[in-house]
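To keep things simple, chains are lettered A, B, C and D as they appear, and every chain counts its residues starting from 1.
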Amino acid sequence: MLRYLTAGESHGICLTAILEGMPAGLPLAASFIDEELRRRQLGYGRGARMTSVETDRVQILAGLRGGKTIGSPLTLQVPNRDTSIDKLPVVTRPRPGHADLSGALKYNHEDVRNILERASARETAARVAVGAVAKRFLQEFGVTVFSHVVRMGGVQANVEKLTHAQIRKKAEVSPLRCADAKAEAKMIALIDKAKAAGDTLGGAIEIVATDLPVGLGSHVQWDRKLDARVSAGLMAIQAIKAVEIGAGTKVSVLFGSQLHDQIFHSKQKGFYRKTCRAGGIEGGMTVGGPIVVRIHMKPLSTLRKPMMSVDLKTKKPFAATVERSDVSAVPAAGVVGEAVVAFHLADAFLEKFGGDSLTETRRNFRGFLSQVENF
Amino acid sequence: MLRYLTAGESHGICLTAILEGMPAGLPLAASFIDEELRRRQLGYGRGARMTSVETDRVQILAGLRGGKTIGSPLTLQVPNRDTSIDKLPVVTRPRPGHADLSGALKYNHEDVRNILERASARETAARVAVGAVAKRFLQEFGVTVFSHVVRMGGVQANVEKLTHAQIRKKAEVSPLRCADAKAEAKMIALIDKAKAAGDTLGGAIEIVATDLPVGLGSHVQWDRKLDARVSAGLMAIQAIKAVEIGAGTKVSVLFGSQLHDQIFHSKQKGFYRKTCRAGGIEGGMTVGGPIVVRIHMKPLSTLRKPMMSVDLKTKKPFAATVERSDVSAVPAAGVVGEAVVAFHLADAFLEKFGGDSLTETRRNFRGFLSQVENF
Amino acid sequence: MLRYLTAGESHGICLTAILEGMPAGLPLAASFIDEELRRRQLGYGRGARMTSVETDRVQILAGLRGGKTIGSPLTLQVPNRDTSIDKLPVVTRPRPGHADLSGALKYNHEDVRNILERASARETAARVAVGAVAKRFLQEFGVTVFSHVVRMGGVQANVEKLTHAQIRKKAEVSPLRCADAKAEAKMIALIDKAKAAGDTLGGAIEIVATDLPVGLGSHVQWDRKLDARVSAGLMAIQAIKAVEIGAGTKVSVLFGSQLHDQIFHSKQKGFYRKTCRAGGIEGGMTVGGPIVVRIHMKPLSTLRKPMMSVDLKTKKPFAATVERSDVSAVPAAGVVGEAVVAFHLADAFLEKFGGDSLTETRRNFRGFLSQVENF
Amino acid sequence: MLRYLTAGESHGICLTAILEGMPAGLPLAASFIDEELRRRQLGYGRGARMTSVETDRVQILAGLRGGKTIGSPLTLQVPNRDTSIDKLPVVTRPRPGHADLSGALKYNHEDVRNILERASARETAARVAVGAVAKRFLQEFGVTVFSHVVRMGGVQANVEKLTHAQIRKKAEVSPLRCADAKAEAKMIALIDKAKAAGDTLGGAIEIVATDLPVGLGSHVQWDRKLDARVSAGLMAIQAIKAVEIGAGTKVSVLFGSQLHDQIFHSKQKGFYRKTCRAGGIEGGMTVGGPIVVRIHMKPLSTLRKPMMSVDLKTKKPFAATVERSDVSAVPAAGVVGEAVVAFHLADAFLEKFGGDSLTETRRNFRGFLSQVENF
């Protein structure tokens, strides 16, 4: 069982995650996590704040020795550059689209800052750190997790003719993490247009994990289904309003004969599919091979165009204020999505294969692969 | 904390759920649950099996006395009519789109029946029973949960001009649980066409819960967000491949200024919204009022049109066999979706308001409403 | 991960447990569980009710096919013979030593029966059924779990010169589950004396699990320690007021040099201990070999000797009524304790070794044994 | 729901805990936690290391603003003074009584330091910090948690004639946290004797929580019983080998008529007991008033007197080395025990009363008290 908790506010001292359940013996460098944190800070459409030279760096405060995990919980801490939380002014004006109003009423706070500081997407830095460890673990078993932007505004990327390896490579060097250069150009134009109009933009991201073994997750109970677990994690990312597995919303349009992934077998590959419309998950379990999920992020809720809200104290209407000037954080959300998917895959992986050391987990993993091969 | 486990196979003796955490003193009749079980069995597009006269009936074997919950766990049991599981033939031919293949390899079963019997959507009868209890509980607080079909194949229902009360009323008397009679006629034609072609159809369902208090769920930790919890439950329903909250996938198309629900206030209503594009959840918490989610169900995986698969024993290809002849179970999935949403709302409700008796939970609830009113 | 919920009232229709997480392929007969249920009903000191000819029988309603587990949750149901719960009279007189008063106030029940029916030790039949499955699982790995009575009233059993195998054998044929015949005779005399006086007796039971591998449980987090988990389960048995691991309360008397189990090594045995004063658990993990725990059960709370209490309705004092006439249920509590220990061991076992089929779990287990052997 | 994870090694950079679920609005000062950390470091029998001038100090890195909790998770961090973990020598010699051997074999570590650094009782500093927050919370409801040493070696404290308030006061100023000065003198003599002999001593501690409301915990499911939850927490403290509730192990000696706490009622007090032999918990629930538990700590496992063990590498026997020179840490274990009890009480408290702000929890609490008063 893999589990984690995060803590930390946007302008507090730091973000912290405790991650427990990683086997001992996994080589893990802070630089590996830092690279994921850096990827999270990238992306066309961010304001000056995020793209500044200073990037997040993790401190691994527990669970690691001599560059390897030792089996005890990992403390991952990301210091904030701006730690002025106690000096920042009281906020009484909740912003539409944020946790502000509901949070203030629920937790009985007159100062909305007590909500927005924690509800901020800044928290995802901690989840990216956790996911980086999961990615590192999955690497040992040949699993790669990546993301690419597939839609922004009305612009749709077309990657049908690309392999996963190609998509990944293209996305990784693209300012928008988009593998379709033509679409990307249009998306960038749209971002610029939104920026000029003081507006914001959302987008859709596809997250892919490759080379998974068959049988992660389970059909036996609702909360053990892999798609359910991954969906919970993804929907818990700030601003995500839809999660699709494989063909996703298109399944309500197609006929059955157009949709289901037929099953094939060869000596070399064993059982396999030629299509991935189920997104690599059937009956709550991986079918083996890649899984493909998509998330839809809403436009940032803070925009220069005024939106009506009500002051908590005076109950008077006002035009909601701008706290930040990013137009879009869609590429970043993709990196967070990767982290989330990686975590849940590692969790399902350890649930199935057990093991307290990398040696043991690997031995169990290989034993199962042989079993499947000789089925 | 509300929790449940279900057990039972499709052709086993019965389905069973244990539900724990309901406060004492809730009036609960088996007939109330039976009505939900009956609704689950309805819907144009089912084969003869489901629409037969005999309907599911629950047995409440624990937790109830004198027609009221007593605080101890509820055992909800739904006997199967066909209990021939031990006599049914061995299945070695996994069907595409089902848990069959992954499950057989994971659990090391030569007989796929050991997987398909549990992976079957028959299991949702237990979840509907659990959800019925949650619905009954929510009723006490004025919360209603209902569903309606919004898409089948390429046909989209248009309910923009209807209130939630109107949608609910229309859907409840519609053979497809669709509130748009014109669209429904086209959907039915499509179902008939698919039936003739030996094909199957999926669809999309909207689930609405009305009159919720502000502040269910929380922004403070990823797994406490209400949208994350509801999404997990919904994605865990058999054949669901996408979950949308509010505007859902459209958030990746719209500009921020078009999307966010502005905030208003009046003496009578307190804080309120005129739109519901966030689906009633911001920052992982209810904003107060309705929540709206949508799920997309894939076409049934068993169709008369042959699909290619491979025999587990011989490793020879074959054209996948038909086990059932339904064209669609979309309306039924809506009823399951209601159950799942109701469960997670009741869970979040009890998490916030606590209470071991209905009296206590109600007192705590009212206290909070006053607090919000006087905020 | 192994988990279970139980439901059911003492005079309700049945007790039910859902147990999830057992690998597929485990041979399991209802008769195996029935034998444990039978053992739970034995023991000198019970009244006529328990020792009547009719014994509990389990119905396995899900999760089993062709005599083997299939990986899906097991429904274990034990029908009650007396199902008159709805006709039984209102109880307004809480008994000292029971859940009666606290439960009635907490759950706001005017009728204490709504509490006592669930709080009754009758519920342990469900836990014994769950534990029987765990025992069956552990058998596959050579682990045996048994119990014997070590104290009743002031009488202490002396088994210092017996091996675990001898203790087990003697206890199993003893009317009191006591391996020291001399002590047992005195205990029986004490029971008879208590019976004559209308009084009740508690006792202490030792529970032993043999032949465990090293490394079940973990030191890394408080709630993963095996001793913590086992203690929670044991203290949750009705009437248990103390749990000891190994030397238990004696550790607060002895010097360190008298207590700790020194470590030895031989080619044949690997690392081993000659003593078991730590009870086989150090740092929250099994050391390999047996574990030994002890539980202390209070005398039954319902006795013919009157105890003062207060009527809930009239608030008038009264002398508490007798609901049952057993003098002691200590041997039965031992059987429940075995079940609880077996469950937590199986849980820790599956946490470490993973596996969805017995084949897979066994392969992983053997791999680890080799690893330890070649350490 | 209250939950926490801790992380950190004995000679690592720091210990960290994330605690989630505390309502907003609770006044909390680092100095309050520091005082508990200081109490944990006291006690006659510690070596020079622990009683050095420098004491632990907590850093609250998240969840607090303006001196009050804001509802988001708290990060509690205690820096270590000695952070040389990466430079410390390899350990291949497991010490009897420690996690050393089992942990090394389980996690496949050639260097036992990778186990002992986390298994160390140093980790309890994090749990004391967590418990301090829980204590602070309980204070708001008039609940006090304290501990006192009741046995060391063969010396038993006698506090029968003292009230809880008196015991607390005396223990707090005693070098051994013992309320019986005569017994304490003998205990100190015993410690000195053990020290001279190079030996170590364990002891027993009583932990008391006063003024609890009725109805915390529940009888309805095994893992919701308060005694089970508290026992798990206590047994998870390093070196604890027995947990007793109320009369504890004595329940296996006494007759029922001698044991059970009779029930009384008066207008002023409502229902009450004159005795506390059940330790304030019946049927897994508080009866109202104090709860009393006892834990037994084994002598420290590292002693100057040699104990036999085996080198992991050479497999040669050796006389186990001394890593520390404390004779006893019993008073400190009492402070840890207080923390653990406070956590589980606060958890059960929030489970029953809910609430996201102190205002709300208090309102719910008072509502229940009125309900009980007017029962």
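Things to note:
Note that in this section contacts are C-beta pairs under 8 Å (C-beta built on N, C-alpha and C of every residue); 3 or more make two chains touch, one makes a residue touch a chain.
All values derive from a computational prediction rather than experimental measurement.
With contact taken as defined at the outset, chain B and chain C are each touched by A, D. Across C-D and B-D, it is C-D that has more C-beta pairs touching.
Distance from the chain B centre to the chain D centre is 44 Å, each centre being the mean of its Cα atoms.
For the pair chain A and chain D, the distance between mean C-alpha positions equals 38 Å.
Separating the CA-averaged centres of chain C and chain D is a span of 26 Å. Each of residues 5-6, 20, 71-73, 103, 106, 108, 115, 118, 215, 218-221, 352, 356, 359-360, 371 in chain D touches at least two other chains. Listed in rising order, the residues of chain B touching chain D in the complex are 1, 20, 71-73, 215, 218-221, 350-356, 359-360, 363-364, 367-368, 371.
Interface residues of chain C facing chain D in the complex, by the touch rule stated above, are 5-6, 94, 96-106, 108, 115, 118-119, 127, 151-154, 194, 197, 199-204, 214-215, 218-223, 225, 227-229, 231-236, 238, 241-257, 259-265, 271, 278-279, 282-288, 296-301, 303, 305, 307-310, 312, 315, 317, 352, 371-372, 375. Taken in their complex, chain B has these residues touching chain C: 3-9, 12-18, 20, 23-25, 59, 61-63, 65-66, 70-75, 77, 85-86, 103, 106-109, 113-115, 117-118, 356-357, 359-360.
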